[in-house]
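What follows is subunit A paired twice: with subunit B in the first complex and subunit C in the second.
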Partner chain A sequence: MRQKILRFFTRRSTWASPYILFLLLFVVLPLILIGLYAFMDYEGRFTVSNFTKFIEQPEALNTFIYSVGMAIVTTCLCILLGYPAAYILSDKEFNTSKTLVLLFILPMWVNILIRTLATVSLFDITGIPLGQGALLFGLTYDFLPFMIYPIYNTMTKIDKNLIEAAQDLGANHLQVFVKVIFPLSLPGVLSGIMMVFLPTISTFAISELLTMNDIRLFGSIIQENIMLSDTMNYGAALSLIMLLIIGITCLFDNSSKDSQLNQGGLI
Partner chain B sequence: MNGKKLLAKGYLWLLLAILYTPILIIAIFSFTETKVLGNWTGFSLKLYTSLFDGGMSHSLLSAIENTIIIALVASTASTALGSIAAIGIYNLKAKPRQAVNFLNNLPLINPDIITGISLFLLFVWLGISQGYTTVILAHITFCTPYVVLSVMPRLKGMNPNIYEAALDLGATPFQALRKVIIPEIKPGIISGFILSFTLSIDDFAVSLFTKGNIGLETLSTYIYSDARKGGLTPELRPLSTIIFVSVLVLLIIINKRSERQAQQKKV
Partner chain C sequence: MADQRLEPVGNIIDIKHVSKWFKDKQVLDDVNLSVKKGEFVTILGPSGCGKTTLLRILAGFETATEGEILIAGEDITQTPPHKRPMNTVFQRYALFPHLNVFDNIAFGLKLKNFKSDIIEEKVHRALKMVGMTDYEHRDVNSLSGGQQQRVAIARAIVNQPQVLLLDEPLAALDLKMRKDMQMELKEMHKTLGITFIYVTHDQEEALTLSDTIVVMSEGVIQQIGTPTDIYNEPKNCFVADFIGESNILNGTMLEDRLVRFMDTDFKCVDEGFGCNVPVDVVIRPEDIYIMTPTENAMLTGKVTSCIFKGVHYEMTVVTPNGYELMIQDYHAFEPEQEVSLIIKPSDIHVMEKERTCNTFGAVVEDDTHIEMLGASFECLPHGLEKGTEVKVEVDFNKIDLTDDKEDGVLEGNVHLILYKGNIYHLTIVTDEHDHLYVDTNDVWDDGDMVGINIKPEDMRIIHD
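Take a look at the complex of A and B:
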């Protein structure tokens, strides 16, 4: 018996169990709780009123639609600006320096509030008024590195033989790009969309700071409701809607972030 | 240098200039005493000295202390939990391994606000009063997946027979862990620790939802409430500058390490 117990604890696969328990308690259970609270009223009874409130209240619904719109525009801007940058960075003809790549992803590791406040000060100094334009600039500024990095990562892993084969078979530069490089870089673009689109909908502090509390995104509404005990269940319902969007976005992108991280490279 | 190359380089540098202008403004104005950004009142190191001689507000000082303590405790705990878990997960059978990897990815895919809210609901549901402990638990939750992901490639690159060889030569499983596995995966453990530490210091949303209302502030939440009140404490400028430079140095070190490892692998 003692032997058996000892063998159980020294088997290496057993060492995953503390973390599995941890994940169940701190990741799975909390997500289930969002669902539970969303369908409960203040006194803990089952209800769908939190969702009817969302549809009937124009403010929350409008903010939601506006946030999705802003997130789409921000994501498009990030692709338009980031894709060429990632392409140039990964092309040996233009760039061989890892440090330059590092400079592009470095802002990912600087506190997002500090970066946002820095943008606010840039607008202050140049005298450009804060508002929707500033918000779009700020969001694009904050999330651009998260678009460049995954695209760059995928592009560096494209097999160079494929490009050479295409060239040998008579494809010109444009054809090589359209037929070979672009299709192979799409997984990176999808990861980038995940890393930009979702956080943009759910930001709350950034929009407050860049528009002097004028424009609020969906994240702000969630935050305001969840922190107060009498609207907590409504906040949970809004979070569940957010989770739904995450689920839908994930369906489009099966190669989630871990494939990026697992492949190593920079960080 | 041909025209195309010039254009490509020019684009990269233009983008970098835009990315770094706001950060540079903060860095430049950390060397002057003015309360308002953009108003140069002569070169001065006063903001830097008051950072270190306790001349700044007490609340900012305690926010810095809290941030560092939380980051140290959380990243140490995540590194231990994640490294052991990685060994366990690596030795699981295919099906359970996929399941655990999926759970491990959830905190990576979820935007911060969802992680924060779900944990907030967990602590409310369990009736745990929120403060230091809950913030640290929350930070362990979103840091550990990154540790697992940075240790895993080292395990995959390891010769699986040397562990068995150690056992055959009479080592107990724990001796084999200490003398064989840990030295092999050490670089991954160190990267995981550094990654967790920067993520924890950088976090804003998760801390905001789990810090409770006992007056606990981390640097990020302090900046947030400060910015909402209107002005920014001038000392935050040198502080952001120092943090930015430290992150830059840390990242360059990690990058050089992984480059060196990649080279060693090739040899």
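Take a look at the complex of A and C:
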């Protein structure tokens, strides 16, 4: 008996149970609820009208397309700014201490809302009007560390021998970068995209604050609908649509990872 | 340009007075080496001896702190690696994981803008050379270690470099595979006619493959020679100990062709050392004849161990006055058996001793203290003024080592252990990179941290 109890407490699955319970209550159950609500009208009857409404009413659809556009622009800006930064940081000769990395990552430690509020007051002080430009700036500023870090991580893991091998075979600095470092850093860029693109679509607080509620992203629409009891089901449907799209992009990410290594050679 | 004509003809590589410092640590000390075109040169030494650094300086991944490197008479000391006419085979293969076998091998050719049909033909030929035809489209990660190494070799030789640098290319392979690859490399060297510079710590590999072996230790070239030269005529104890098995003993050269060791006089073939000069004597274990007791034996002893090694037996024999000898013979003599030993004069190799005692530079602190090796030592009163520079001599057996490094005036690491039949000769390196040589009967291991003490009466202070 004692042994049985002992074995129960030393099993891995036993130790995992608190989190599994948490997961069931706060992740799986809400997901199921979203799924159920999405297919119900506000009186609780089964319907697909929430989805037809999304396609028929241009407002939500347009916001969605606009959000995706903003997310693409933000992601591109993050790559443009983050990739060179990560490349420089990963150079051990230049970056002898980890302090510089810390400096780049530091914004991640500050709450995203506080950073956004700070950005707003920064725009206020300098007198630059809020709007789409401010939103793009805010999004890029908020999500840049999430792009730098994964790229930096993959770059530091590139075997130094490979760079030497490329040099040895006649590649100059540029060729080493194009033929070895860049293709091998692509997995980092991909996880960077995942970390920036997806959260940008669903963000709402940032767009509200930086555009004085003028521009709304898809996240704002969902939030607005969920807040009101008679459109809650529509909000649930919108959430589900977003979840599906995120899920599909993640699948795409996974399937591309295997071919990643081969694809790099074409570039 | 004028210099170019002065270079001796036929040397593909000239390394001249090359030294390399990493911060304050010297890893190469005045290295000089010339390599003839088409030669197979092996740089051999224990880990940390600077052999890989030397290869990396040749490849261009490191720059020499001092000295110059010439390829076919042309100074390339400051040339970046991608402009050097040589290619490297890396120890851990360093194949590009994002490219398949074909693209890995074609990497260098594509950079040189060859036409695609020529690239294809060259890659096919290189793959055939390493016995990997039909593997073009394989993912390099799906290959075994041996196959990856073959691809790495193909990737280097496909560029037809003037010099091929190989950095312990077989170290990661298992024994059987290593032997096969050795033979293939040797064959490849013959057919290609390229100069090979091969770095290894495996002395057997070096003896098997090379035209010339360069033995290195502590950043210094100890000996350059053919495999037979290095084996039969080692220049010092380090080389004798590192290449093959050997019995190294302290001896005295009594006169030409007569040497005394193990308290016995032996005829030998060496001359020109002078009379009563301390020397090191090397006898290879296979050169000692072992037999059942006979009248005309040079030495007698008792077998203490006998191990079967495949072709021969390896036996340890202890003489009545306490010397231990390692002997290899086809016949087994059981432990406890009394035996007689005979050594031919031509099999006794006599080497000049590099030093007969420790000599340190020191500065007088006061009448009873001197400063040397970065520490303050107590000494006998000497009546010299403070600040006087003196030399201090200490005999090998007068340095005390302690287990606890706190107990010593100085700390150090055991670096090299030579067994001299009845005594261990240790090289101790202090934190300041000074070397101390110690004779002891205690057993220490390579890398042990020790405390170092010297008694005041054992220091000979020399002031001139």
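Odds and ends about this structure:
Simple rule for what comes next: the second predicted complex is superposed on the first by the 239 of 267 C-alpha atoms of A that agree within 3 Å, B and C clash if a C-alpha of one lies under 4 Å from a C-alpha of the other, contacts with A are read in each partner's own complex, and residues count from 1 in each chain.
Note that in this section a residue touches a chain if its C-beta (ideal position, glycine included) is under 8 Å from a C-beta of that chain, and two chains touch if they have at least 3 such contacts.
Everything quoted here is computed from the prediction, not taken from an experiment.
With both structures placed on the common chain, the touch criterion links A:M147 to neither subunit B nor subunit C.
Once the two complexes are overlaid on the shared chain, A:A86 sits clear of subunit B and of subunit C alike. Of the two partner chains placed by the overlay, neither subunit B nor subunit C lies in contact with A:L210.
When the two complexes are overlaid on their common chain A, residue A:L130 makes contact with neither subunit B nor subunit C.
Legend: residue contacts after superposition of the two complexes on their common chain; A:Q175 is shown touching subunit C, with no touch to subunit B.
Partner contacting the larger number of subunit A residues, of subunit B and subunit C: B.
By the touch criterion defined above, A:E164 reaches subunit C but does not reach subunit B. Judged by the document's definition of touching, subunit A residues 261-262, 264-265 lie at the interface with subunit B and also at the interface with subunit C.
Residue ranges of subunit B in contact with subunit A, taken from their complex: 5, 8-9, 11-12, 15-16, 18-19, 21-23, 25-26, 29, 37-38, 81-82, 84-85, 87-93, 100-101, 103-114, 117-122, 124-125, 137-138, 140-141, 144, 146, 148-150, 152-153, 172-174, 191, 195, 198, 201-202, 204-205, 208-209, 219-220, 223-224, 227-228, 232, 236, 240, 243-244, 247-248, 251-252, 254-255, 258-259, 262.
Remark: subunit C residues 59-61, 80-83, 86-88, 90, 92, 94-100, 103, 107-108, 111-112, 139, 141, 155-156, 159 touch subunit A in the complex.
Put simply, subunit A touches subunit B in their complex at residues 10-20, 22-31, 33-34, 37, 81, 84-85, 88-89, 91, 93-95, 98-100, 102-104, 106-107, 109-115, 117-119, 121-122, 124-125, 141, 144-145, 194, 198-199, 201-205, 208-209, 219, 222-223, 226-227, 232, 235-236, 239, 242-243, 246, 250, 256-258, 261-262, 264-267.
Residues 159, 161-162, 164-172, 175, 179-180, 183-184, 260-262, 264-265 of subunit A are the ones touching subunit C in the complex.
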